[in-house]
Amino acid sequence: MKNTFGNNIHFTLFGESHGQEIGMVIDGLAPGIKVDEDFIKSQLDKRRPQGKISTARQELDPFRIVSGVFNGETTGTPIAIIIPNSNTKSKDYAKLKDLPRPGHADYTAEVKYHGFQDYRGGGHFSGRITTPIVAAGAIAIEALRSKGIVIGTHVKRCAGVDDADFSNYSEELAKLNDKTFAVIDDAKEAEMVSAIEKAAADGDSVGGILETVITGMPAGVGEPWFDTVESELSHILFSVPAIKGVEFGDGFAMADMRGSEANDSFYMDGDKVKTKTNHNGGINGGITNGMPIVIKCVVKPTPSIYKEQDTIDMNKLEDSKLTIEGRHDPAIIHRARVVVDSVVALCLCDMLCGRYGTDYLK
Amino acid sequence: MKNTFGNNIHFTLFGESHGQEIGMVIDGLAPGIKVDEDFIKSQLDKRRPQGKISTARQELDPFRIVSGVFNGETTGTPIAIIIPNSNTKSKDYAKLKDLPRPGHADYTAEVKYHGFQDYRGGGHFSGRITTPIVAAGAIAIEALRSKGIVIGTHVKRCAGVDDADFSNYSEELAKLNDKTFAVIDDAKEAEMVSAIEKAAADGDSVGGILETVITGMPAGVGEPWFDTVESELSHILFSVPAIKGVEFGDGFAMADMRGSEANDSFYMDGDKVKTKTNHNGGINGGITNGMPIVIKCVVKPTPSIYKEQDTIDMNKLEDSKLTIEGRHDPAIIHRARVVVDSVVALCLCDMLCGRYGTDYLK
Amino acid sequence: MKNTFGNNIHFTLFGESHGQEIGMVIDGLAPGIKVDEDFIKSQLDKRRPQGKISTARQELDPFRIVSGVFNGETTGTPIAIIIPNSNTKSKDYAKLKDLPRPGHADYTAEVKYHGFQDYRGGGHFSGRITTPIVAAGAIAIEALRSKGIVIGTHVKRCAGVDDADFSNYSEELAKLNDKTFAVIDDAKEAEMVSAIEKAAADGDSVGGILETVITGMPAGVGEPWFDTVESELSHILFSVPAIKGVEFGDGFAMADMRGSEANDSFYMDGDKVKTKTNHNGGINGGITNGMPIVIKCVVKPTPSIYKEQDTIDMNKLEDSKLTIEGRHDPAIIHRARVVVDSVVALCLCDMLCGRYGTDYLK
Amino acid sequence: MKNTFGNNIHFTLFGESHGQEIGMVIDGLAPGIKVDEDFIKSQLDKRRPQGKISTARQELDPFRIVSGVFNGETTGTPIAIIIPNSNTKSKDYAKLKDLPRPGHADYTAEVKYHGFQDYRGGGHFSGRITTPIVAAGAIAIEALRSKGIVIGTHVKRCAGVDDADFSNYSEELAKLNDKTFAVIDDAKEAEMVSAIEKAAADGDSVGGILETVITGMPAGVGEPWFDTVESELSHILFSVPAIKGVEFGDGFAMADMRGSEANDSFYMDGDKVKTKTNHNGGINGGITNGMPIVIKCVVKPTPSIYKEQDTIDMNKLEDSKLTIEGRHDPAIIHRARVVVDSVVALCLCDMLCGRYGTDYLK
């Protein structure tokens, strides 16, 4: 299905970054779920470009919820979140019409949409489209939290700098969710920012790895064929711009392990079933086993760089060159973090409602 | 959706590995597509355990197509491929009922299905369930080939041994598709088999990395939100047992690249648009750009090992131990390869029909 | 979605009437539901042509369930029911290839499938395809019964003869479900059969109206936009061959009522909410209100008649004539009844599981 | 799927009649389709209450399209149409909270949504929700017209008064689409209005029958199991408030026909295949045959009447009485007409795109 995600709860995205408004309709959330507009705002702040390492675009996100919420609670009917666009400078993008930017969707969208694409600012492909997703995700995150399910993501690696590893999930996830630049070891923020600025000074950009942990998911969720937990989560994660790889548990490191190293032994902790290790990231046979779910995503370096690049002229079908102007982030990984949290939350809500019925999240 | 995959063409899987029959229904393939039963048989041979490094289970795959094919061509109505089971030795699995095997789906399926799971041989979770997928995939692979789209996978790395890299896709993909143990450099097969046997001698198992290349896909396929090419392919790949990570193009290696290194510049090759490099694996903004699509998957080491393992007794809810008997492969990566080719083919058919209509593959 | 029905439970049909086998895969039924093969057999008997007013085709339905059921209960994994075909006489249908039968799908299927259609016996369009639906429906009917939900259908009108109306649902529904020719007033069977035989003697056929009642459905089921109870039920009913109209409650008779006549007043019966009348057939605003659901369908007269008919030659694209040979029923309404009960049951299961989660029917 | 309709093109509705805004997102329409805002406005005018027989509610429909359209053409990305609400008088509805109106969804929605329903003005169930559907339908109607497919509906019967029958589709459909009160014989408008006013004077309401004709549909569209043309059209028609029956061709009248009377013989008209009669309403075996599609729907009398009615108090669970105040239409059938045209258009677009691919409507 296009532009709509979910089997039990449907999330439909609409809008172009330089069009009038962007938004999301959430269809199928149970009635009675609390909606906290301040929390939505704080999540949007984590997504917005701010500070030195983000661009000077003045983006505001004055969202409004126009249906589906009454007296601070969901009514059970579709929720529409709409965010008007402002501060768009179309002229920055006029040149692009014929010269596709390498690493971006300009060329592929042109082929797909045969010239009708709203090209200004990447049209439907802009990172700005993630804004309503973050707003919707905020509602999902809080609904899950009320069921004891917590999601958190840190910048595990960026521009060659590694963050510390998790050592205490509940403590560190709580702290992470209050930070704008999400690292476990606060000292690493300065190191990473410095490396990012260095790349920016070269007119270039950097990427990194995000690590996400989900605690509190009940065991038994997921469908072996074809909607395993990995299938569903990767499906929505690979819609987030710039993500080019997703792994669960030890992921690609398991290529060099033996079975005896990779298996997670079961044991009883009181009356709860747990595993001694968690190489499989909380998922066996595509179904959750109750242990924390661990996901890592690679965020490729931002394609918009200031160096001159080789490209083609799509009109004349001949080689050309391109230098991007305007305002561009040298890194977006620290902002992509809240998008990852959001899509993971939307996905988990959908899976849980499939398992437990439409009233589960009340 | 459970047990059914696809938006335009629907693939539904049924069967338990120790039940009467297993099968797949393919619903939506256009009429007029040639179905070559010999090719289906050769694909099933690549999946079946054979030779020294695979177990001694005598599995046969005498498939039959009971509907949807008439005079060697699809009729346009649902195709049902059914494979009877034989040579099942239920007693090997009786012990399992209460002792979940680490790394397998025994515990999670128990929670999900509350005791009703057909546990014999992993029930619905067995690798054998991939058999009808390979049969169906064979039809898809040939349909795609008739449109100039070629898929091929090699064992890029196994038990610490690396295969050669691709240097000439069309030549190497053609050769790969004739091999049972799919490596580009034939000499590597012996090295890998030796490393696998060493692990087997230790009562252990190994995993590795599969690299898949798809050539000939037209540009413009994919849906930015939420069904990007990466989303759709990873969704079905993560249903294949033992896959724990999927990356596209340079994937996780992009974490340490700069934008100038990761971007793929466009240029004209005659009247065709190409990119000078292919770090993005043929996909920009979730849409194909016409360059070869490159995917890498990690296959974790086979969970069934002969060493004693710690587990629990699910009935008594106390710690226990388990030693697996029966017949188990020390490595399945060389057999997983054809499953990967098959699911990729099914997925591409579905995406192409969404783009070009139900008659595209005729 | 083609050939597959359901949002929460997926039913996929496959097979051609003169192909090897026909079947249905049910994907998503909870584990632990009892499966009674004798009841399935009795339902198939109601569908099969028997006796004087049905044709002499010797159809047998030796079904087998090849997955998803273990020890007489569903396992939660997909259930595959397969029925081999026998006693097919292809030669009866050879002539048809170019001469479409009026009222049948011959011409439209030809256009749809461009000549690849398996034309023998109507291919995928044959009434025989309803066989696996009745088998699957039997499982659904019993699952619903275990939750206190009862479905029953009578031949309300046939060949101008009216059955009695319902006066005591629970008593009459129970009796109906034991009858092969489902009428409330047994005396009407002979009258209807006589009228049918009269049409048969003229080489012609008749139709009629089926009235279905469902008791015990909880209130609150249905989705106002776009999956109302009427939408879902009509959707699947209009897939049953020969049904050309569906109405709920007083249906088309409401065209001439005033609001004061058509509205159903609410009242308390103890602590249960009921309505004094039931003009709306148990559904308000697309959602069940707890009163019996009442549906009427028109079954058009069987298109296969023995009189000569005008048609075209699809090959030469010129006018032609056709006289149908072989074995054909002068009426199928009494056999369509169990198909209606079956599809209604499948649909209700799907809706209930959407509302109450995948475990509802256990 | 809830609140979302379509297999290939997805239409998602959101909004409450007394909430801030209502709207629809259309996801999957090809790029390059002309969007005429004046035509959308004229369609909305047909839906809005106007004149003597409609209530005095001052509803305005100042719609805006906030995405998916650029320079008067669709871009291929989701189209969002948003309509702000105004002139809402919540106090009219406060009393309703505990006293469900007979014939309305008050009680059933209460059960479904457990008290969270936004009850003001029927919440999500209000007829006003049809406004964005009509706006979206306008885009679909014009897209279909550009492919030679024309839809039109007349009030066949209302309050016991019959309109003339069709005698020349192309002429009469064209005229109908310019009328606000859609009758073939203009003289009938006055008769019907008079009968409606008589009911209104009694504090009561009336219903009727709408007859819809679609010309120009290509043959071969529809999926025998389970998405026949009748299935798809009835599915969306039964979502329109007040529709309680749908029939195709001669529908329920076929109950009393013989096969020789009901069959439509084929003949050649030049090189086009046609049928001499059209009892089957253009559909054979669930697939279009190229003849005009004929549909009839019954619209029940408006449930909101001024007479006192018996009901219950949902809070105290005891019998009660209710007299509805505020502004209510004695008939809505003449306004439901454009809603029927709209949903039929949305449905046909979806079916055609499934058959011919996403670019069909360009």
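Before moving on, here are some points about what is shown:
Going in written order, the chains are labelled A, B, C and D, and every chain counts its residues from 1.
Methods note: a contact is a pair of C-beta atoms (placed from the backbone, for glycine too) under 8 Å apart; a residue touches a chain by one contact, two chains touch by 3 or more.
As the structure is a computational prediction, the values presented were derived from the model and not from experiment.
Counting steps between touching chains, the shortest path from chain A to chain C takes 1. The interface at C-D recurs elsewhere; of A-B, A-C or B-C, the pair that shares more than half of its residue-numbered contact pairs is A-B. If you compare B-D with A-D, the chain pair joined by more contacting C-beta pairs is A-D.
Between the Cα centres of chain A and chain B there is a gap of 27 Å. Averaging C-alpha coordinates per chain places the centre of chain A 39 Å away from that of chain D. One finds 46 Å separating the Cα centroids of chain B and chain D. The residues of chain A that reach two or more other chains are 1-4, 13, 112, 124, listed in rising order. Chain A makes touch with chain C in their complex at residues 8, 354-358, 360.
The part of chain D that touches chain A in the complex is made up of residues 1-4, 10, 12-16, 19-23, 25, 27-28, 31-32, 64, 66-68, 70, 73-80, 82, 112-118, 123-124. Touching chain C in their complex are the following residues of chain D: 1-5, 7, 11, 13, 100, 102-105, 107-109, 111-112, 124-125, 129, 157, 160, 199, 202, 204-209, 219-228, 230-232, 234-236, 238-239, 241, 243-252, 254-268, 271, 273, 275-276, 280-281, 283-290, 298-305, 307, 309-312, 314, 317-319.
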